[in-house]
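For reference, chains read A, B, C, D and E in written order, and residue numbers begin at 1 within each chain.
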Amino acid sequence: MMLCRVDGNITSTVKHPTATGVRFLICQPITADGAEVGAPTVAVDTLGAGLHARVIVTTDGKYMTEVLKSDKTPVRNSIIGIVDQ
Amino acid sequence: MMLCRVDGNITSTVKHPTATGVRFLICQPITADGAEVGAPTVAVDTLGAGLHARVIVTTDGKYMTEVLKSDKTPVRNSIIGIVDQ
Amino acid sequence: MMLCRVDGNITSTVKHPTATGVRFLICQPITADGAEVGAPTVAVDTLGAGLHARVIVTTDGKYMTEVLKSDKTPVRNSIIGIVDQ
Amino acid sequence: MMLCRVDGNITSTVKHPTATGVRFLICQPITADGAEVGAPTVAVDTLGAGLHARVIVTTDGKYMTEVLKSDKTPVRNSIIGIVDQ
Amino acid sequence: MMLCRVDGNITSTVKHPTATGVRFLICQPITADGAEVGAPTVAVDTLGAGLHARVIVTTDGKYMTEVLKSDKTPVRNSIIGIVDQ
């Protein structure tokens, strides 16, 4: 799980059929002080995270299996918490 | 899942028997601004991503299990979305 | 598993329903000499690790499945040991 | 999966009992242009990759489970393709 | 799997109950030439690796499940080979 800052969203028309109706966000890993570190990750947001919000991102796909109603979906990362400001 | 830019394709004659007929692409992780960051990943493309296209790459292998019709395939990463331009 | 230093805690009101009542800590990977290296990870603490404590963090989610009493929780990383001082 | 260059082989006498008779190679991740990037990975070779060959390395352990005839082997990474020259 | 150099051991009194009686080592990833690269990993040693030994570390937890006699242990990484000198 990573501490990230939301850096933008992604629109994708050509995509895996199970990925319909989800919101993909670009999430930049940051340190406790907010410094950028390492490569961004793409995660699905179901919590309503805004641009520049700090979020907790998981790489565990079980939640996406549930949200997308598909045991076969390759969609994996998701936002599991919005950090209080 | 990573935001990547397609940097090239790979041709491989000597390979795992389950990897027949798939298109391997070199995918370079990038930031929201397009800056390169970290090591490239190799992913299978089934969506028709072109050179320099921006794509979402998953490390979840379930889709490849389905595409390659093999529960035993070690092929894992795939492109699950092409980012709209 | 990573050797980390606890750099802070995270409070999150809007979060995944299975993540209730857990303590999320920001854990910075360090070398044997204590130098920071790489991106921090977020892990659940059940052992009572204090700020600046050195800890062992796992990315294996089985313990969280047990603690949170949910086979479907996407919460994954946890502290599995506090390093003796 | 990673694009790597074979940088050497490893001989190990003291090892996990399931790892008998396998060839471990040091595989350095590279970019499409051949530049080194990130930490090397150790992978089992069953395809006959030579020194300096470019290869595709997977972190999926299913193939090793099959090759080593053990559901319990912790051996995981393997070379799944040699890049054509 | 990673090529690592053993940089030290960790003693931990407060830890997950399944982690009793194991030896945690700090393992620094290195290149084929011995240069340090990336963040260290913590791995369990059952092979008797000494300080500064070069080892192969796996992130696959199946061996630990067996050693610790627990399907629920979150202990994961282990040393699966000591590199011959």
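The rule is simple: a residue touches a chain if its C-beta (ideal position, glycine included) is under 8 Å from a C-beta of that chain, and two chains touch if they have at least 3 such contacts.
Everything numeric in this text was worked out from a predicted model, so none of it was measured.
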Query raised in the report: To get from chain C to chain D along touching chains, fewest steps?
Result: 2
Query - Joint neighbours of chain C and chain B, given as chain labels - result: A
Query raised in the report: Using the average of all C-alpha atoms in each chain as its centre, how far is it in Å between chain B and chain E?
Result: 31
**Report entry** Whole-Å gap between the CA centroids of chain C and chain E
**Finding:** 19
**Report entry** Where chain E touches two or more other chains at once, by residue number
**Finding:** 38, 61
Query raised in the report: Considering only which chains touch which, how would you classify the arrangement: line, ring, star, complete or other?
Result: ring
Requested in this report: Output the circular ordering of the chains, read from chain A in the direction of chain B.
Outcome: A, B, D, E, C
Query raised in the report: chain A touches which residues of chain B in the complex?
Result: 1-3, 29-32, 37-38, 47-48, 56, 58-64, 66, 78, 80-84
Query raised in the report: Considering the complex alone, what residue numbers of chain A touch chain B?
Result: 7-8, 10-16, 19, 24, 26, 28, 38-43, 61, 71-77
